[in-house]
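Both of the next two complexes hold chain A, though its partner changes from chain B to chain C.
And then the complex of A and B:
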C-alpha cells in the first residue's frame, strides 16, 4: 500500500528527530524528558532543548513487540504487577540499553520536565527516573479541573511556577536566557497546526467519514503531541494532511484501514480511552472488518482539547501554556468528560460509543463504567465496554475483545433494523 | 465508665469503627443542627471545618463484612477497593447524614471518584481539594490558601458559619491537642509496644475520625490513662517492625491482629494519617489560615502522594525506622494502590541501603484470609529474632 505524502513527511520528521537525539552526546544538543499531556514543547524549543517523550517510546516499543520483555524486567526489579505498564516498559527499556523506536540509543536526559497534568503516575514515574539519571528536575504542578472551568487561581499558580521554577531550571540546563519572542514565534506556529488538526478531526462529521478518528488519528496527532508542536515541520505536515483529507472528501472515500480504503461505512462510533498498542493493527481490524469507523475519540485529546476552541495564543505566552496544560482531556472532571462524549455522539451522528478500558491508566479508567451509564443516558445511544492494556500483551485477549465487539456491532445493527421497522 | 476500663473503652471505639450508618454523626447533627462533611484519606484541614461549626467525618472505606454489590458495578477488577465500598455505602444511604464529601488529591482513582460523586449525589457538596505539589509559600502556598478560602466559602454557602480567624485559632489549638495525644501514643507504643497493641490503637484512631475533636481528645485521653494503668500487659519476644504503605485504603483489623500474632510489634505505621499528617503543633498566633498553609508546606509527612522536591526520597522512612527502633520494615500496600506501589521500589532501595530487612505483601480492605500473610510475617519476625541477635 503506497503511503500518503503526509505519512512520508511524518516518518521523515520522526527519523530526523531520533537521529538528532542519537547524535546529541556528540553534538552537545541537550534533551528534556517530558510527558504528552501538558507538554511544553514550544518552551523547550525556545531553549533549543530536544524533547523525549517516554510515553511515546513505550507505545512504540509495544508496536515493535518489545514491551513484554521490558515489563518482565521491570517487575523482576521490584516494580509491582499492579502499576502502569508505560512506566515499567520505560524502566525496562532504560535497563536494556535505552534503545529507542528507531533502533538508536536514546541520550540520557539533561533535565526531567515533570509536567504533572492529569495523571498522578507521572509524578512517581519521574521520581523513579530521577533516581536513575540524577539530573535536574523541573516540576510543574497543574491543578485538576473538577468543575470544568479554569479559575484565575489555577492559571496564576501554573504561570508562577513557569516563571519562578520551570524557566529558571531550563535556563540553567540549557545555558540560554529565556527568549519570549522566540517562544511567541513557536506558539504562532503551534496555533496554525492546531487549526488544521481540528479541521482534520472534524472532517469525520462527513458521511462517509474520510478518517478514522481513533486508530487513524493516533498517527495524525503524533507530531502535535510529541516533539513538533510549534515547528514549521508540524505546520507543513498538517497542511499536507488536510489537503489529503479534502481530496478524500471530494472523492467520497472512507477512511484508510489496515487493508486499504474502507469500502462501506456501516457503523459510526465514538471511542473513549487509549488504544491497545501491542496488538494495534489486530485491534483496528476488529473495527474495520465490521465497517465500524471511529468518528471521534477522547484519546486524541490527551495532548490538547483543541476542537473545543483552545488555541495557543502567542500574545499571552505563559498564560496560554498554563491554559493548555489545564485543559488537557485527562485533567478534566468526569462530568466534563461525560458531556464531551455525549456531545461527540450527537455532533458526529454516531450510532453508539465504545470504551476501551486499559488496566494501566487509572486516570482514564477509574470511573469509566459510570461514564458508560451517563453517556448512554445523555445521548440515548448504546455504549460498549472492552478491556485491555496499553503496552502489556498479557492483557490483550483478542478472542474476548473480538467477541464483545462483534456482539456490540450486531446489537447496533439490530437496533437499526428495529428502528426502521 | 472508669478511665481505666479498657475493655469498655475499646468496645465503644469498636462500635464507632464498625458503624457503617454513622450513628454518632446522626446524633451529633440532631443535637447541633450543624453540617457534617465527609472526607477521604489522607489529609484535609479539619481545623477549618471545625472552626465553621462543621463536623469532619473520615471516610476510610469498609471492612470484609460489607458485601459490595453496587460498588463493583462501577469499577473494573484492576481498581483498588476503597472507592467501591465508598460508592456502596453512599448508594445504600449509609452516608446520608453527610452534607457533602471532600476528596483530597491522593491519586487518580479518588480524584475521579469526586466526579462520580458529583453526578451520583447532585445535592451534596462535592469538593475536590487540590493540594499543592509546589512547596514555595509564594507559589504553592498562595494557591493552597486560595483553595482553603474557596472551601471555606463553599461551606458557608451550605449553611456553615462564616470564616472567623479567632474560631480557627481555637480549632487549631484543639487539633494540636489531638495531634499531641496521637504522637504521644505512638511514642508510648514505640517505648512499650506491649502496652499499646497496634490492633487496639488502630481501632481507637478509626473511632476518632467520626467524632468531634473534643470527644476524640477525651477518648484518647481515657485510652492513654487506661494503657498506662494496665500493669498486666507484659512484654513478649516479638520483632519490632515498621509498617508502611497503608495510608489510604486501610487494612482489615484481622490483618493487623495477624501480624501481631505472627510475632510482630508494629512500632510505626501509616494508618489513619489525618492526625499525624502535620508533624508538630501549628502556631495559633498570627494569621491562622496562613499557619495552616505553612504547616502543610513545611511540616507534612513525606507521603508517597507528595512530590519530594528538595529532600531525599526515602529519607523520612529511614529516619522513622531509626527513631522507632524498628528491626524490619513491612511494605504493606493495598492492591492496585498507585501511590504506594509506584513508590515502593524507591522506598525499598532506601531501606536496603541501611541493611534493615524488609518484606512486602498486599491486601484489600475486605481481605478475609490471612494464612499466607501470617506465614510470611511469622517467618520474617523469626528471622529478625534469630539473626539480629547473632
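And then the complex of A and C:
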C-alpha cells in the first residue's frame, strides 16, 4: 500500500520526536511523562518539556508484537492478570530497558504530570513509575462530569490547581518561568489543527465515507493526542490530511483499508471503545472484509471531544486547558456518552453501532451494556457487543470475535431486507 | 423432488434439515463425526436425505390407502431393519480397520487378531437382537452403540487372550475415527432398503413397489446454506454461509412463531438471541473469551465420570439434594467434581449442581441480551438434557415469572432448519422453488 503524504509526514514527526527523546540525556532536554486524556501538551511545550505518553508506547508495543513478553514480565513482578494491560506493558517495557516504538531508548522522566480524567488506574500507574524513577509528580485532579456540563466551580478548581500545583512544579523541573505568551502561541496552533481534525472526522458524513473513523482515524488522531498538539508540525499535518480527504471525496473514494481502498460501503457503523492493538490489522479486516465502515467513534475523542465545539482558546489560556481536561471523553458520565453515541448514529446515518468492550479497562467498560440498550432505544438502531483487550494478545479470540461481527453484519443485512434474506 | 438443505456444523455434532419446495421439513440428519468437516457435512446430509425418503414413503403409503396402524407398523419395521443394515455396513468397516490396526501392533499381534475376530463376530451376531422389535437403544450414533458393545466384549476377550484391556480398547478408539470419517461407511439407501424390505418379507407386495419407487426418485438439491461454528469449512460458496445466530433465530421462529427470545446452548458457545415477529434477530449476546458452561463442559464431565453424554441428564434428575457449584470453568468443575466425590457426595447431586451452574451462566447472557420477552424457546443439544431443562425452568420462573417455554423434540435441528429456510428464500428468489410467503 503506498503511503499518503500525511502518513509520511506523521512518520517523520514521530521519528524526530523519538530522536530528541533518545538524545535527551545528552542534550539536557527535560521530559514529562503524561497521559492522553487531559494532556496539557501546550503547557509542557511552553516549558520546553518533551512529552512521553506511556499509553501510546503500550499500544505501539502491541502493534510491534512486544506486549506478550512485557506483560509476562510485569506479571512476574507481581502484577495480577486483571491489572490494566497498558500498565503492565509499560512496566514490562520499562524493565526491559525502556526501548520505545522506534527501537530507541526512552529517557527517564524528569516529571510525571498526572492529569486525572476519569481513569483511576492512572493514579496507581504513576505511583508505580514514581517508585521507580523517584522524580517529582504533579497531580491535576479533574472533577468528573456526572451530568454533562462544566460548572464555573469545576473550571476554577482545575485552574487553581494549574496555578498552585502544576505550573510551579513545571517551573522547578524545567528551570523556566511560566511564559503565558508562549502558551498562547501554542494554543493558537492547537485550535488550527483541531479545526482541520474535526473537518476530517466529519467527512465521514459523506456517502461513501472517505475515511474509516475508527481504524483509520486512530492514525489521524495520533499527532493531536500525543506530543504534537500546539505545534506547527501538527497544523501542517492536519492541513495535508484534510486536502487528501478532500481529494478522496472528489474522486468518490471510500476509506483506506488494510487491503487498499474499500470498493463498496455496505454498512455504516459507530464504534464505542478502544480497538484491540495486538491484532489491529486482523480486527480491522473483520470490518473491511464485510464492507463495514466506522463512520464515527468515541475512541477518537478520548484525547478531546472537538466535534462538539470545544477549541483551545488562547485568550483564556488556563481556563481553556481546564475546560479541555473536563471535557475529555473519559471524563464524561454515562448519560453524556449515551447521548453522544445516539447523536453519532443519527448524524452519520449509521446502520448500527458496536461496542468493543476491553477486559482490562474496568473504568471504561463499566456500564457499556447499559449504554448499548440506551443507544438502541434512542437511535432505534441495533447495537452489537464484542469483547477483547487493549494490548494483551491472550484476550483476542479471533474466531469468537469474527463470529460475532459476521452475525452482527448479517443481522443488519437481514433487518435491511425486512426478513426476506 | 426439488429440495433445499441447511447444514449446521457444530463443534459436537453436525445436523442437516431438508425442506421440500413448499418449505415443509422432509428429513433431518445428524452425525457426531467432527474430525473432518466435509465428511460430517456429507454424512449429515445423507442422513437427512434417508429420512426424507422415509417421509416420502410414508406419504406414498398414505395415498395407497394404508391405515394409520398399518402405516406405523411398516414404517417402524422398515426403519428398524434399515438401521440394522446400516449398522452392519459400518461394522464391516470397523472390523476392517480393527484388523488393520491390529496388524500394526508389534506386541500381541496374533492374539489381538483373534480377539478382534471374536469380538466383531459376536457384534455381528448381536445385530438382530440390537434392532429387534421393541428394543430401545441408548443412542443413534454408531460410535455409542458399537463402542458400548465392544467395551463389554473386550473385557472378556482381553482376559482370555491374556491381553491388556487398554490395548484392545485402544484399537477401537483408533478405528472408530475411520468409520466416522468415511462418508461411504453408512452404505447406500437403495441397498439397505432392499435388504430391509426383504427382511420384512414385503419385497413382492405393494410395499415393495412403493419402496422401489421412492428409492428411484431423484432428489434434486436447488439450494443449500451452511451455518455453525465450522461453517467456513463447509463445502459451500461464501454467499451460502450464514451466521448461526440468524439461523437459530429463524429456526426457532419457524418452530414457534410467537417466540421472541431464544436461548441456544451448543457445544462451545451459548447464545441468547432476541427476535422480532418475523424471526429477524434484533439483539444477541454470546459467551465471550471463554466457553465455560457450554455443552462441551457436560461432555468433559461425562468423560470424568465414565458416562455417556446422554446419561448425565437423567442421572442428575434423580438428585434429591443438589450441591451448589459455582464454577463453570470446565477444568475447575472437573476438580470440584473429584473433590465432591471424595467427600462422599452423591453423583446425581453433584451433577444436578453442575447443570444449574451452566444455566446460571446462560441466565446472565439472557439478561445481557435484553432479558426475556414471551415466548421463550430453548434450542441446541443441551435442550435435550432433562436436568438442564429443569434448572432452566426453575431459574426462569424465579427471575421472569410465568413464561411460555418452548422446547421442541427437534431442538437440536433449530440452526439447520433456519439455514434450510434461508436456502429456500435464496432458491425462491432464483425461481428454483415457488415464492416464499
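Everything that follows uses one rule, which is that the second predicted complex is superposed on the first by the 418 of 421 C-alpha atoms of A that agree within 3 Å, B and C clash if a C-alpha of one lies under 4 Å from a C-alpha of the other, contacts with A are read in each partner's own complex, and residues count from 1 in each chain.
The rule is short, and it goes like this: contacts are C-beta pairs under 8 Å (C-beta built on N, C-alpha and C of every residue); 3 or more make two chains touch, one makes a residue touch a chain.
Being a predicted model, the structure only gives us computed values, none of them experimental.
Of the two partner chains placed by the overlay, only chain B lies in contact with A:367; chain C stays clear of it. In the superposition on chain A, A:264 makes contact with neither chain B nor chain C. Contacts of A:123 after superposition on the shared chain: chain B is touched, whereas chain C is not.
By the touch criterion defined above, A:82 lies against chain B but remains apart from chain C after alignment on the C-alpha atoms of chain A. When the shared chain is aligned, chain B and chain C each come close enough to touch A:387. In the superposition on chain A, A:143 makes contact with chain B only, not with chain C.
Of the two partner chains, chain B is the only one that A:161 touches; chain C does not reach it.
Once the two complexes are laid over each other on the shared chain, residue contacts for A:153 go to chain B alone; chain C is not touched.
Legend: residue contacts after superposition of the two complexes on their common chain; A:418 is shown touching chain C, with no touch to chain B.
Overlap of the chain B and chain C interfaces on chain A comprises residues 359, 369, 387. Taken together, the chain C residues at the contact with chain A in this complex read 229, 242-246, 269, 278-286, 288-289, 368, 370, 422, 425. Remark: chain A residues 77-80, 82-84, 87, 114, 116, 119-121, 123-125, 127-128, 131, 139, 141, 143-144, 146, 153-154, 156-157, 160-161, 164-165, 333-335, 337-338, 357, 359, 362-363, 365-370, 374, 387 touch chain B in the complex. Of all residues in chain B, only 73-76, 78-79, 83, 105, 107-109, 111-116, 118-120, 126-128, 130, 132-134, 136, 138-140, 142-143, 146-147, 150, 304-305, 307-309, 313, 335-339, 341-346, 348-349, 362 touch chain A in the complex they form. Of all the residues in chain A, the ones that touch chain C in their complex are 359, 369, 373, 376, 382-383, 385, 387-388, 395, 397, 399-400, 403-404, 406-407, 410-411, 414-415, 418-421.
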